[in-house]
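Following this message is one structure expressed as structure tokens.
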């Protein structure tokens, strides 16, 4: 069974407009304006690397793009629909992995992955495919131990394993490399490149520069 | 209506209740207004201090719209 | 139709609101003082003693207004909460936040005066009368609003959470009042509620209305002043506060007759 | 979307089963609070019988209150709530599903145990039947209202005590009608009107409370 994401088999959503359009996006936190209004477009196969010192609002920007945070001003359109009013199918095309791993400590990585897919109403993917994904993420022997006993790096890998089984076209990754060791970072870079080649889009923030990423546009929040 | 101050204060034997009610109202409302005046003054002194500091220090502090 | 559109949002700009309050509050204080003096005079020197309760009924002239104001301010708070949640007008949140302490104080005073009125009339300071119990619960709703606002550090989130709570509260107030009324009638037999306003002498009614007017004016003045202070506390000195401290009026809105009172 | 909610319901119930000891402690809490009544009022059957409905109902309300504290807290802390908000199902239905799972694990046991406690407090005949019925109608409303408080105080210091202050006034109508139904049944005056009003409260709370909870969750996630 060749490891790899199910990306190729799923037909990419028919984009009426370029993937993501962000116009005049400004966010506030604690009454202060975080960054000057941001404008950018993201088309298929493009990576946007968001840089900025701590507290500049990188996380808030990403959460605003996903629709979790309400922006102070600005408009975000994904395949033509505004993110606040887009329907479920469109919402499934977006995958957000934030600082927190969104894992249940009592459950094992396999159960967490099944839960993640179940909550996103994805058809019943057979277990072998999930096991392959976890294997690829370097969790081979840890598949059946509850997440509570895993290290921070292993938890992060479990969270990132979702990327291998997701059909989302837009990945929004907030500090994906935290707590990852060097070969995990390489694996991550390789996965992002694979996703871009398959016509996917990635928005990513990171304090360490990710080598080997091609066609990376950067957005600097200062 | 009342023959003399004493009768008025006695309030037909209900003095503690009537004056207890009106007294509490006057006291607490006066207290609320007074606290508000003090809070307002404090706000103004803070602003004045900031204004003085920012003009003397000569560094443009980032304004923020409300 | 009057050509001039009322600029609803004009006074939601902090600087204009500040200036408006600077003009309005002295007038409202004057109205409150006049009504209070008139109400007290009529209440104590014109209204005759009650044939049944003697003079203790005079507490009604302050008890009823505070009770009404408590409920009215909670409803008003909920209206501002809805405006804030629906249109994100910061001024609406400032108003709701400024109403809460005065509303809580009014509710507490109505309980205090109600108890002192109950003592000579029913023989005990506290009786689980339907209205007293519901007013007590209303006080808890006020305290809950203020506690939630204070507990959340981020002001923006705190404002939205408190506004949502005020909305939830105002939907529940009629249910609470109904269930307490229902509960009271089932356990009746204990107490008679004070004589209704039906057979009130005109002078009594006048004292009551004057008292209510004074109470309303007081609440308006204190709330507007607290909202003004709230704005000052939120601003840093480079904002509009610098111009206002020299007290010149902001540009008047198009076509609205602005009371050009003497600069105080 | 149905699949996603069904997965969430199963997940929550499995989590509650995995954390059985939490469920047990809350049920034990309900029993202990009810036994406080005879200890404080005295064993004399006549007074106990008059106070039994109130005693059981207050114990149920307090048990519901302390159990709701963690309804959203864990999901909020580990990031699962974010993924649920980005999932296919609307947040109101997600909230309703979580409240249902919570009620099944914690509300239902109270309803089933209440005749036992009612008997212990001297209730007989009709009252012993009306007690669980009134709780069956009332505890869901408690859970729905309590969930609003839990969502509003997410991530707030001293959330527990604050939640009690926010929510207990809203519990009053349920408490009045619930304990009223049982005491009416004791006087053979029939608890019909009380139970129908409780049903009305439930019918009101079911559609409205999840909307309020969703609003509060969105604020907490912002």
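Order as written gives the chain letters A, B, C and D; numbering starts at 1 within each chain.
Criterion: a residue touches a chain if its C-beta (ideal position, glycine included) is under 8 Å from a C-beta of that chain, and two chains touch if they have at least 3 such contacts.
This structure is a prediction, so every number in the text was calculated from the model and none was measured.
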Each chain counted as touching subunit A and subunit B at once: C
Longest centre-to-centre distance from subunit C, chain (CA-based): A
Chain pair, A-C or B-C, that carries the greater number of C-beta contacts: B-C
Cα-centroid distance, subunit A relative to subunit C, in whole angstrom: 50
Computed distance of Cα centres, subunit C from subunit B, in Å: 16
CA centroid of subunit A to CA centroid of subunit D, Å: 37
Subunit B and subunit D, separation of their C-alpha mean positions in angstrom: 43
Shared-contact residues (touching 2 or more other chains) in subunit A: 31
Interface hub residues of subunit C, defined as touching at least two other chains: 156, 234
Residue list for subunit B, restricted to those that touch at least two other chains: 64
Touching residues on subunit B, where the partner in the complex is subunit C: 1-2, 8, 11-14, 17-18, 20-22, 24-25, 28-29, 32-33, 36, 39-40, 43-44, 46-48, 50-51, 54, 61, 63-66
Interfacial residue positions of subunit C with respect to subunit D in the complex: 85, 137, 140-141, 143-144, 147-148, 151-152, 156-157, 160-161, 164-165, 167-169, 171-172, 175-176, 178-180, 182-183, 186
Subunit C to subunit B touching residues, read off their complex: 13-14, 44-46, 48-49, 54-56, 58-59, 62-63, 66, 90, 101-102, 105, 108-109, 112-113, 116-117, 119-120, 218, 222, 225-226, 228-229, 231-239, 241-242, 245
Of subunit C, residues touching subunit A in the complex: 154-156, 234
Contact footprint of subunit C on subunit D as seen in their complex: 148, 152-153, 156-159, 162, 165-166, 168-170, 172-173, 176-177, 180, 197, 201, 204, 208, 212, 215-216, 219-220, 222
